[in-house]
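Look at the two complexes coming up: subunit A is in both, with subunit B in one and subunit C in the other.
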Partner chain A sequence: PHTISPEVMQRTEAVPFFESLLQGDPEMSTAIAAIQTLMEFMNRNSAETVAELTSDLKGAMTELQTSDQSVASVASGCELFLRFITLTALDKPDFNECKQLLVERGQLYLQKAAQARQKIGKLGVPFIRDGATILIHSRSRVVLTLLKEAACCNKHCTVFVTESLPDRSGYIMQKSLQEAGIPAYVILDSAVGYIMERIDLVMFGAEGVVESGGIINKIGTYQMAVVAKAANKPVYAVAESFKFLRQYPLNQFEAPNKHKYTNPQPSDFSRHPLVDYTPPSYISLLFTDLAVLTPSAVSDELIKLYC
Partner chain B sequence: MRRLVQHGIPCSYVLLNALSYVMKEVSKVFLGAHALLANGYVMSRVGTSLVALVASSYNVPVLFCCETYKCCDRVQTDSFVFNELGDPEDLASAQSNGACSKLEGWRDIQQLNVLNLVYDLTPPDFITMVITEVGMIPCSSVPVVLRVIHSV
Partner chain C sequence: MSDARQHLTDDLTDRIESFISSRQQKRLCSSYDVAHQTVDLARRIISQTRWSSACELVETLRTVGRWMSSAIPSETAMGNVMRRVLKIVRDEAAVSSDGKQNDPDDLHRMLTAQRASSDDLTVAHPNLKGAIIESIHELMEEIEISGHNISIQSLEHIHANEVVMTCGHSRTVEAFLKAAARKRKFHVIVAESAPSYQGQKMGKSLAEAGIETTLITDSAVFAMMSRVNKVIIGTHTVLADGGLKALNGAHALALAAHHHSVPVVVCAALFKLSPQFHCAYDQDTFNKIVGPHDVLPFAEGGVLSDVQVQNPVFDYVPPDLVTLFIFNTGGNAPSYVYRLLSEFYHPDDHDL
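== the complex of A and B ==
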């Protein structure tokens, strides 16, 4: 049973609450923080009907997508959360009973989502052989969980991380890996082609998984996937199921601007995009908490999630 | 093309022979389909797979517009194993000026046959996306659509 906080949460308080959650726990996934914000918003909301509550939640979702944190996974996480909690019989005459039901379903969704990373770790470990050399891109907490799980299963891997400009988050990833006892080396983004012959497998996280089975991820991912395909190395994308998006980009320029740039105005070439789109033909498998999927199975899962 | 022009859309008419010449000006290709097969192949009017092939070699996205009732659970991998024959006279008498067609007397020549195939098959490698009334799907998702439709 939830406690009803005395003051109603306004739409504008959503982003500060969201950002304080992320600062409090740097390991938390941005989508989970967004869902927790929505749960808090729902608890402290003063709507009297389900329709009003849903519309308030949608307003809060729009607010959350204006923050610059990983817009793709926030968007998909919120959308799927809303779908999940409303996908039940809400025909009780008393609104408070309905709201209670929504909150319970929300807690359930949050629990499942929070365990997603661990599930992925267990599913992905059989694909990493002992002594493998792995190339990863930038900083991804899901990939980190997977590699730590492999280390726990006594698989001694060597990891190469791309430096990943502009924010150089490759160095942070290297530090986390070294703390877990995994030897990790940072390479230049431009050295991906050079190192590829020594690599056994390529792995990256995803900010969003699109309907075609392709992924949206930090800029440089597509380049790495193309080089890996040319060198015949397997490419694995690791993503939780709440990152599945209802979008279908046809090429790089069709990927939505709001994911690519912090200010979603149409841009000329003076601004650098933050993410790129990797088509499904370059991805061998996707490790998700639902199952290990081929890119063509993503559409099947999306249809199941959304219908 | 007449209908497009009536709606005010600027159009250019080209022969299939000119495809590789115009393809670099093209940003997207829209094609229709007669059937979506369960293995991701698309059966359509002959010439469609040619357009899709040239477009994919120039990295131009190929989009098929097709209703879901055209999804069928047959599987086919080439255009020859199952097709329809059209009237060979359509090919033999086709001419652009008033002169006689070169193929006019083809029936009299024993070694000559005129083959007018109606359909051809486009492989899924050339198809970027299929647009149906229920949404945009990759062509490998046709069995999923069939499953959803038959379960309802």
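== the complex of A and C ==
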């Protein structure tokens, strides 16, 4: 529920608001939290023209991207919001009416985006055979939704999760899966090659989907994809449409440093990157809330949106 | 579903039922005939049933499509043609109401919160029926000349003194090779494709057209592959990821070609393009298993109780083994198939 709050939100308040949203609802996606923060910022902004509003919002976006949360998702959420502002026809003479329109449209978009995970679950379930052995990487809420949906459809799968250092979030994923009644086993990150012969399919979420159809995800994803390709196993990436990014990295080092490291500085090899880039040739299909896409279809979707 | 069926006249219901039973009785029949008859059926439904808005028509067509697809799931051409017809109906409805093309970009539409395209369909238009029937006639013509459109591209792909390999009997590939043979001299190796031995029929037909043909067993495919310049095959269905649902033996042929870096060219008409993905990597849902008497005749009596015999009809060929698709609209890479899907089918119709 939005109320026009009297006090103006400052740029510096953006990050604390964002982080409080995430803490309040652990199921919320970071991109959605970013969009909600920006909407709140826009609501409580004192600008009188669209140009001033846009420049204030850009300031808030830069602030948001300095936070520690998965930066690729935040970046895509922010870009999408900016695009949303420029697309909405703002030809009303009264600025407050324009703002009202923006706020309404924003709420509508957020409602649709909230259903994204459910849609993906329904689209992805036919690809999971009853009795399949699935390998997943680290902790991903979309993948969890998909696996729970499969369990509801009476498909009994066995899941292997990588431990996923440095934050060992594989254990959290294992716990969530076991609570849903799905047998899950944690394996070492280095055991991916060892376990691959027993796997039927590999699945991971994404923090960002780039223009080439590749994905940016927790470090270790690329390794898993290469081993899966060598063993001829299908690799499915699961991501909502608001994670599509307008970037085209050609190799690992081209993936922007601000995504890889918190508090980016020129990288020397003493610090460990948090994410890596998986090229589209290693991904069989992407499950998104738009449709099941081949990697080559991603750039078309991005063009439709941004051009 | 029964509400929409009531819109159909008795004559139409009879036609649909006889169409379905004629397909069920034959083991395999040509996709071209299926596609042609489906368009004819669709045309009759559009002209003979009473409908006031595009929305009702779409519902009726979808019901019929679902009915036919569930009766014979392996015959994908029926569903594909129905989806083409549905896209035509939706496009014509959008054009007559908005004057512009109906463009389903979900991401864009979600952001600008435009009204859904279904709103456009509930409005009645007087000229809609005529416009749709005209487009259906164009679709019928396109299907009728699809084989010809594929054959005229053959000269770009087959050069003098080349060795071409194919397997089984595909009418499309047969016409393709015969069209090239009128101007070029080349050599064809045909794999006989057990247990149906359709390859033998193909070899005979090509030889009668004056093409130098060699017939080989399926097991000799890898051995002969090093001398082959390109592999040209037909397929039953082209799947949404660019993979193939082809007759058995195609995957082995494609793997042998991949090993020797021989390009694999697939000739297929557009009505074979399906928006479905190859979902489960096991045979139960994907394949059609027919009677085993071709593999192990019943005359072999004694051993039958000890042995399980399977005779699958189809093979899945993954998209990275296919080099080029030759559709009636031109040549395309497997990674481009998604684009053709969005051009010819509406996303709401992917699941009829």
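Annotations for the structure displayed:
Definition applied: the second predicted complex is superposed on the first by the 304 of 307 C-alpha atoms of A that agree within 3 Å, B and C clash if a C-alpha of one lies under 4 Å from a C-alpha of the other, contacts with A are read in each partner's own complex, and residues count from 1 in each chain.
Note that in this section contacts are C-beta pairs under 8 Å (C-beta built on N, C-alpha and C of every residue); 3 or more make two chains touch, one makes a residue touch a chain.
Here the structure is a predicted model, which is why all the values come from computation and not from measurement.
In the overlay built on the shared chain, the residue A:N251 is in contact with subunit B alone; subunit C does not reach it.
Using the contact criterion defined above for the overlaid structures, shared-chain residue A:L87 touches subunit C, although it does not reach subunit B. With both structures placed on the common chain, the touch criterion links A:I172 to neither subunit B nor subunit C. Of the two partner chains, subunit C is the only one that A:R129 touches; subunit B does not reach it. Of the two partner chains placed around the shared chain by superposition, subunit B and subunit C are both touched by A:S296. When subunit A is checked against subunit B and against subunit C, the one touching more of its residues turns out to be C. When both complexes are overlaid on chain A, the residue A:S212 reaches subunit B alone and has no touch with subunit C. When both complexes are overlaid on chain A, the residue A:L305 reaches subunit C alone and has no touch with subunit B. Subunit A residues in contact with subunit B (one complex) as well as with subunit C (other complex) are 296, 300. Listed in rising order, the residues of subunit A touching subunit B in the complex are 211-213, 248, 250-251, 280, 296, 299-300, 303, 307. Of all the residues in subunit A, the ones that touch subunit C in their complex are 80, 83-84, 87-88, 105, 108-109, 112-113, 126-129, 200-201, 234, 241, 244, 284-285, 290-297, 300-301, 304-305. Contact residues of subunit C toward subunit A in the complex are 105-108, 110-113, 240-242, 277, 279-282, 319, 335-339, 342, 347, 350. Note for the complex: subunit B touches subunit A at residues 28, 59, 61, 63, 128-129, 136-138, 140-141, 144, 148.
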